[in-house]
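Both of the next two complexes hold chain A, though its partner changes from chain B to chain C.
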Partner chain A sequence: MAKIEVKNIQKEYKGGQVNALKDVSFECADGKFFCLLGPAGAGKTTTIKLIGGVEAVDKGEIFFDGKAVTDILPMERDIAIAFETYALYPQRTVRENLLFPLQAPFRKENWPVEKAEKRAVEIAELLGIGELLDRLPQQLSGGQRQRVALGRALVRNPKAYLLDEPIAHLDAKLRHRMRGELKRIQIELGITTLYTTPDQLEALSLADEMAVINQGIIEQIGTPESIYKFPKNVFIAGFIGDPPMNILKANIIENGLKLEGMGILSLPEKQNNALSTNLSESSVLVGIRPKDINLVSPDHKDLQAKAQVRNTQVLGETMVITMITDLIEFHVKMSSEVVPSHGEQVGITFDAVDCHFFDPKTQIRVEGL
Partner chain B sequence: MTTLKLENVWKLYDDKVIAVEDVSFTCNDGEFFALLGPSGCGKSSTLRMIAGLEKITRGKILFDDILVNELEPRDRNIAMVFETYALYPYLNVYENIGFPLRIRGVPRKEIDKKVKWAADFLGITDLLSMKVRGLSGGQMQSVGIGRAIVREPSILLMDEPISHLEARQRARMREELVVLQERLTTTTIYVTHDQIEAMTMANRIAVMNLGKLQQVGTPKEVYSVPRTEFVGGFIGEPPMNFANCELVRENGKFQALSDSFRINVSEEISACLQDYKGDNQFRLGIRPESIRVVPEATSESTTASVYVLEPQGERTILSVKLTGGELFLVEVGPDFHAEVDQSVNLEFREPIHFFEKDSGLNLVYL
Partner chain C sequence: MKSRKYIWWWVSPAAILFLLIILVPFITALTYSFRAYSFTDSTAHGQFIGVENYRKLVFDSDFYNSFKVTFLYMIPAIVFQGALGLGMALLMAGAVRRARILIPIMLLPTLLTPVVIGLVGVLILNPDFGIVGQFLFRSGLIKEAVLGSTKLALPAIIAVDSYQWTPFVAVILTAGMLGLPKEPYEAAQVDGANKWQTFIRVTMPLLWPYLVVALLIRVIDAFRIFDIIWVMTRGGPGISTETVAVYAYRHTFRFWDLGYGSALIMVIFVFISILVEYLYKALQRWQSNGSAA
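== the complex of A and B ==
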């Protein structure tokens, strides 16, 4: 059990050419599932490596349960890492790879052989690789290798698991199943888990708390729910949620907003005033999630816009419609009961209550609305 | 504009390994037709036989009723787009796109016209003089497509063209490819293992598994009335739930019984069962969105315990363990809360599917 704290860590590569982490701070509470979410190249793997001790920080400090570990060797940190690139021992079988952490040389608390074997088999079966225990890594598919890497991290009961995109290379069905299993294991064992992923849906479904990282900087920290409901800036708004939030340009007018390329969005006076005071200019970015937009007849009275259906993607009971106007393209998500035709003209409406507002200059959320 | 027909096509490797087993289907003129299945199902082998890159062991492939079995790929007027682009690395974009015309001895003026048309169609005119090496993945993909459409082929073949892209790019490309195909109106065969791609892009889908055709139908058909248990479990996300059960008659009505549940069976299924001669062991299939959590237990409801909750922004996926031990997924609202191991009451709603245990066939198809 451990609380992991990361304070102002910085890491550069290639003599300053690559600024992997600029100033990263966050806290992973004891026994919690913490996700670090970010696109490729954001700094997720670097963060794992630094917390694991595989690499050293340039600046900043790392604490486990309040104790500084910044200068402590990986094997003394009592963590288990699953690397994105697997890093399996190539000359050892799956079984031996899984057993290694439990019987490693120099490790103080090695397990008795029987207990270790039983554990290895248990974990292998959980991950669906029970039949592969006597194979070598080169005889496994990518997805199988990834599960061995994950299994090797899970066999022990360390202070914390550091899992770097541990199921990214599994096919969709397996990935979904593994997500549920991982979450369940973590709840049952209560081991502090730091999990990185570029998949926002994965972070939303797994995390107790999460941080969004982009280009070496932490953009927002919070529960998945709070980040989904109140994204702090345009980047996060567009990154969380599928399909992504639509971001529309608008200008403040007397009773609301004039949406660029579209119509008018009425705002109650209080909101209108709040916007005017918070922004230095009269333009604003309006974020609206595809699920919060309604399709109406083009003759409807209070439209926000008229648009044309460019494409429809039906997925069972829901569908995503790509709509275009003269100037912009946006997405609507709704039930697939009635599917509009490509090229059809429709009207769309949405409510100010469902909107998110961002300052166009700073890209930051306008609060207090 | 071409109709493609496969009649009882087989592919065997080394006379032993059956890669494609007795596959028959027709693609209509101008259709976007997906070949969907997990790795090793035979979809790529089928595509390669259509292209002429593999010999057909048995059966017939016809383009507009003309037998093409013995025709070389270059004589079939097809074009292919690959997952890895396969662009000519030392040629620039113009030369890559024009290559298929150049090797056929098309006059230079004609090549110029067609290359410019293809580039304009794809919005890559400003890349024409660029070397292929400096391009982004998306740009290379467009060049690959340009090279494929420049000859205005009868059939366009795409082999998992976007599976290596990350989620956001894939979502974008799915749209772009559909819009493209609609404008081109060329009959297109699209191979993928991703059911989302097939479901959102294709007019019709052929689902394959272990070399055999499982079902051919529109996205709506394969989703709502899966012909086999495999199709039921492969199409749709989160996936369909399955459980063993017995179908028994009680008081003139049929019920599905197991250690985990006792539910009434629809009129339609009951009608199918009247003349059914097989044994009464079946596999029940129900989608997560067809299960509701209800506040009180009723004679119709099923008890289960909460295994794990996965919130997903707009909805939450609830995993539950039924009394018989099966793990079921239930789609619930985003604000649903429950404790792990908490007991919940579930209502199963139509559509509920029943598949024969041995054959995997959906009862309504028998």
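== the complex of A and C ==
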């Protein structure tokens, strides 16, 4: 078990043509579940490979429990990686793949054959691949291979697990179950886990702490709750939450905001002043989560806008409605008890308390509101 | 239905070409093999004699010898070229990744005409003025000319053949290595595998299909090898280097016995087909059972 510290690491590929990691620093506390969340190409896999030591950093340092490991070999770092691309040993059965990490020359004595066998079977059962032990990787489906790759990491008790999108290729139901299992295993063993995912739901549900990474830069670090509640910039606001936060343009007027394509959102004087002093211009970006928008009758007196229903996606108990006004499109998420019909005119309202404000120039959250 | 009408028009060029260059000669040879047909024997003017040629072949001890020689040449040559080619590939892959130009350079010996290589082989093995021949002779390692010795002539041919074809095996394996995925190696690093385990567990299984292809090509070649041997020893001394192709050539184009020569070719053809099919399956099975512990 170890605390992992990453300090200002940088990595380029193809002789500088691809700047995979520009400047990445974060810390996963000992025994915690840390998620690295970011879209495809953000640098998640690169970060995993650098921490694992299978690729060398260009600049920066990595510490395990305060000890620099930047220059030591992957096997001496005592970590286990589940590769996104599986990286299973070809021509080896599932059993042999799972056993392999326990058969390393310097590890053999701790893992006598029987104990290792037992452990491999145990992990296979846990991951629901117990019947596949004697199959070869090429005889498995993508989801099964991914579970073998995950199993090969979990079979040991290393200082840290580095799991690179380990359940991305499973079907929805299995993914849900595996999320629960992973969290349970991690809490039980208390092994520091660094977990990457492009799926915000996975990150929010699993992480003790998480970082959002985009284009080789860490955008925000915090608990899932703090990142969800206080997204630091427009990118994070749009990336976290499903459907993403609506971002509306607005101009600051005397006692509130004039929303583009909508009506007026009145703000308390204090808040309005704060906005004016914090922003260089008189415009602002207003973020409002789909769940915080209410539908009312179009004749309601305190409307932010009248809008038309463009389409509705019913997701069981909830639904997502796409709405349009003359100028803009936005999403509303609500209970699906009454489904509005296509083209229906409705009024919408939302509360200033639920709004997030961003500087249109820097895209950064306006603090102190 | 309409499009079906013209189907033969579209297929016919390829079909005609196939008929002319493969099927016609093959069937001609097949019919010859059932005839007495010799330019040197006036009684053999192409009359049908049934399986007489094949009957003769069954009792032809020189024919069996040519098979034995073929295998005595093939097995060491393939083992040697496979091992050396693999070694070369392992050493070269890193360099080739950076400089692709190395591939055509590696292939230079393979690109040479076998006759030329054979002639060079004859020259350098000459005990009077060949560099290797002189060295072997003066150092007392050999007491007779290499190509004049029934024991040494075949190894000499294997050496010359390996000079030409090891690079070919190496290039196929190098190309294979350049295409191998990176991640299993990274996984092996993390899992703490040593060099040998990585080689056995990761490299060999991934490279195996390439090795199989390269070696199967060499097996088929072994039944065709003619030019190098003809130039270096003409199958001699005696019949000690007379492989099946040389033997068939001698009967067909030296003794001008086309009937018997054709029967020889047919047997060789059937034999290669069975051997390649069997080898291919065996090598595949070996691979899926795990090639090493």
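By our rule, the second predicted complex is superposed on the first by the 364 of 369 C-alpha atoms of A that agree within 3 Å, B and C clash if a C-alpha of one lies under 4 Å from a C-alpha of the other, contacts with A are read in each partner's own complex, and residues count from 1 in each chain.
In this text, a contact is a pair of C-beta atoms (placed from the backbone, for glycine too) under 8 Å apart; a residue touches a chain by one contact, two chains touch by 3 or more.
On a predicted model such as this, the values are computed, not experimentally measured, just so you know.
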item	value
Side-by-side fit of chain B and chain C on chain A, or clash	fit
Touching partner for A:V353 - first (chain B), second (chain C), both, neither	neither
Touched partner set for A:A40, first chain B, second chain C, both or neither	first
Partner chain in contact with A:Y228 - chain B first, chain C second, else both or neither	first
Touching partner for A:L88 - first (chain B), second (chain C), both, neither	second
Chain B versus chain C as contact partner of A:Q313, first or second or both or neither	first
Chain A-centred angle between chain C and chain B, computed on Cα centres after superposition, in steps of 10 °	80
Which superposed partner A:L204 touches (first chain B, second chain C, both, neither)	first
First, second, both or neither for A:I187, with chain B first and chain C second	first
Which superposed partner A:H342 touches (first chain B, second chain C, both, neither)	first
Chain B versus chain C - smallest C-alpha distance in the overlay, whole Å	12
Residues of chain A at both interfaces, chain B in one complex, chain C in the other	none
Complex contact set, residues of chain A against chain B	40, 171-173, 176, 179-180, 183-184, 187, 198-199, 201, 204-206, 224-225, 228, 240-244, 291, 310-311, 313-317, 320, 322, 333, 342
Contact footprint of chain A on chain C as seen in their complex	181, 183-184, 186-194, 197, 201-202, 205-206, 208, 287-288, 290-291
Residue numbers on chain B that touch chain A, as the complex places them	38-39, 166-168, 171, 174-175, 178-179, 182, 193-196, 199-201, 219-220, 223, 234, 236-239, 287, 289, 307-308, 310-314, 317, 319, 340
Chain C contact footprint on chain A (complex, rising order)	49, 52-55, 73-75, 79-81, 83, 85-92, 96, 100-101, 103-107, 136, 152
